Amino acid sequence: MLNAGFSLPLRDFILEVKVDARPGEIAVFMGENGAGKTTALHCIAGLCTPERGSISLGSKLFFDSASGFHLPPEERQVGYVFQNAAVFPHMTVAGNVEFGLRNRRLEESVVEKRATEWMEIMEISDLRDIKASHLSGGQKQRVALARALAIEPRILMLDEPFNGLDGRSQENVDLHIRQSTKKLSIPCLLVTHRRDDAYRVADHIYRFVQGKVLREVDGVCIPPGNKMYPTRHADTIEPGHRC
Amino acid sequence: MDLSRIFASIRGAWKTPGTLAVVFGIALVGAVCFYLFAPIIALFFRTSPALFLTSLKNPVVIESLKLSLITSAAATLIAVAVGTPAAYLHSRHRYPGKEIVDVIIDLPLILPPAVAGVALLMLWGRMGLLGRYLNLLGFHVAFTTLAVVMAQLFVASPLYIRQAKELISHLDRSYEQTARTLGASTGTVFLRIVVPLIGGGLISAGITTFARALGEFGATIMFAGNLSGVTQTMPLAIYSAMQGDFETAISISIILVIISIAIMAAVRLITRRGEIHA
Amino acid sequence: MKQRSCKTYQSRTAVACILILLLVGSASFAGCTGVTTQAGTEATPTLTQAQSRTPLVIYAAASLTGASPVLKQAFEKAYPQYDVSFDLDGTQMLTQKIEQGAEADVFLSASTRYTDRLKSGGYLENSTVKKFASNYIIIILPKANTAKIESAADLDHTSLRIAMGTEEVPVGINTRQAIDKMANTSYGPSWKEGLYSNVVTYETTEPGVVTKVNLGEVDAGFVYESSYKAAKAGTLKAIVIPKDQNSLQTYTVGILAKTGEKEGASRFLEFLTSADGQKILADFGFASA
């Protein structure tokens, strides 16, 4: 279970995040561009440091401002698929998928076995020796997913995974995400600015508005409780506000 | 041909703005090319192939060519080995005084080389701020081959670091960030992600740095002196030969021109290959 | 992001301000020193009267660097209608410039070899060429003399560093001749060998040797006596080479064939060989021709 509550000053506002996600559950971060969704993922992945708060995943502490603890990203074991997939263009598909495994100094046979397994799941086995720069958008997305999942992450994080994908690829990615999070029994955070995508895949939705995070249930924003949010936020958004 | 018709057609061409623009454009580009390239061509007219080949056997030419290639290669290697990670750390982090560091890196680029030479002497020379202590330890820097490399490094490395900074700042951070989440340390990210991704650019930056080091004159003659086989690089050999042996000066100049053209061709080739990759 | 760029902007402005202050500071510093020298020259009232003065370009050997401004001042005082400018460089460089078509009126050469070359090439008014000064080689040492050099005999000691002119420049030619004579008459061939192995740089100009000795970067250098005299008092030590072991450099002057200012050029020539001109040259360590 992911427990994250932290704040960080951004350009125009202070980002205040309070989110949780259970294993096997997909939590969607929805909101306009620049609402702080990606930054929130970065903080959970350890790519940026919140000003205050704490982040933990099950019993594993990621960050705690009170004790000044910050686990570096390479030790958090998170599966993070960036918006552009960020497939390493100078490596082959197999090289990409094996990258995270090799960093963990696993035995060569284990590396190959697991990479092969995930390439099969993502249906990219045929492409294994192709330079990643030659792939299509959908293929890159699947390579990035296989690469993120091969390290058997504690949490899967996806930033706009449906961007630029056609209908079929989108369904495909949908399915893979759902199956994999179930299979590994890990929470999944998915960022999107598109309502359709959010409602399609989400177990629950967090709505990002100007740095404030509201939990949405059945299309209605649940106002933040006192223990989660400073009271002034509750003032700005009325209870029962339509999201 | 009817003269009045030619005249009319010229007038017509003159009236068509498109043609006029083309003529003007060709004339302008032609003038620029002539101004920049004609002196280099003239160099080849002052010698004959036979004279050129004979002077290639001149020990002054051979010694200076050898020394120039070795010292420039050394300076380039140091610039690449130290400059690349430094440029990476500098570009990817915010820290107090970063702007000042930028200015410091760029300063030698606009500093006259002679000033660079004097400045190096003031620090590393026998009476210099640091040099005097090195001298006590029996270690001399000025007027050695090392001083040649140091002068070249001082003048040329900012060129490399500047280009490396530029390349890194244009590199999408998500590659590095993804690699970090996949368990890679900063060092691994640098070596396995950053360097391969901007490798082509780094190589062409390295080559232009080599070229700059090869052409270094002012700082070298000031800081390293002029001694054949030890500190007399090709530009110094040209200058020394100009005092008497004009033929040798031209021959060395021609060798430098050939090397420069080869360097430019190499850079072109590498950047073109890089474009296809991206 | 915006915050970052704002910060960047601020520190950039700060850096720019510092730089501008530095520039202004150094400019005003240079300005101040400039004013004092200008005041010195403008004290001569005759100069201000001459509205359009005829320019006179003099190509002079680099070893005349010290004497040139004094010569200019004295000549312009006597002949205010002329505006003398000196182009100082190695004689061999000047020779090449003239051969490549550079326009000058008078040529002051530190080497008869190059004067003869120009004479035979038809670049000089051969009848005007005459000797006007001579110069001997002297050994200069930095003031501190940390190497404790007492005489020319010490120059072959190991781990010394010596600077001299290249064999193409006049001072280099004379230096080699003097060393040969010293080796033949008193110190022997192994001394000569040891001395040459101590040479760390062959400078293409004489001031290059002086600078390196002055900075203490080398322990000894070979230059003309005039350069030693021209150096600021107390900055250098010197070891005189006896005349019988020395090599005399003769300075020659000639009017260029292509000069457009023959009258001014010949006036300068007269002035140079007059008592006044010779006095100035003597002050700067040149012997009479």
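Lettered A, B and C in written order, each chain numbered from 1.
Keep this in mind: a contact is a pair of C-beta atoms (placed from the backbone, for glycine too) under 8 Å apart; a residue touches a chain by one contact, two chains touch by 3 or more.
Owing to the predicted nature of the structure, the values given are computational and were not obtained by experimental measurement.
Colleague: Which one chain sits nearest the middle, judging by mean Cα positions?
Modeller: Of all chains shown, the one whose C-alpha centroid lies nearest the global centroid is B.
Colleague: Going by average Cα coordinates, which chain is farthest removed from chain C?
Modeller: A
Colleague: Distance between chain B and chain C based on Cα centroids, please, to the nearest Å.
Modeller: So the centre of chain B lies 32 Å away from the centre of chain C.
Colleague: With centres defined as the mean C-alpha position, give me the chain A-chain C separation in Å.
Modeller: 74
Colleague: Could you tell me the distance, in whole angstrom, between the mean C-alpha positions of chain A and chain B?
Modeller: So the centre of chain A lies 45 Å away from the centre of chain B.
Colleague: Touching chain B in the complex: which residues of chain A?
Modeller: So the residues of chain A in touch with chain B come to 42, 45-47, 72-80, 82-84, 86, 88-90, 99-100, 103-104, 133, 144, 147-148, 151.
Colleague: Which of the residues in chain B end up touching chain C in this complex?
Modeller: 94, 98-100, 103, 121, 125-127, 142-143, 221, 224-228, 230-231, 239-246
Colleague: List the residues on chain C that touch chain B in their complex, please.
Modeller: Contact set of chain C toward chain B: 4, 8, 11-12, 14-15, 19, 90, 92-93, 96, 161, 163, 166-169, 199-204, 208, 212, 215-218.
Colleague: So in the complex, the part of chain B that touches chain A is made up of which residues?
Modeller: Residue list for chain B touching chain A: 172, 174-175, 177-185, 188, 192-193, 196-197, 277-278.
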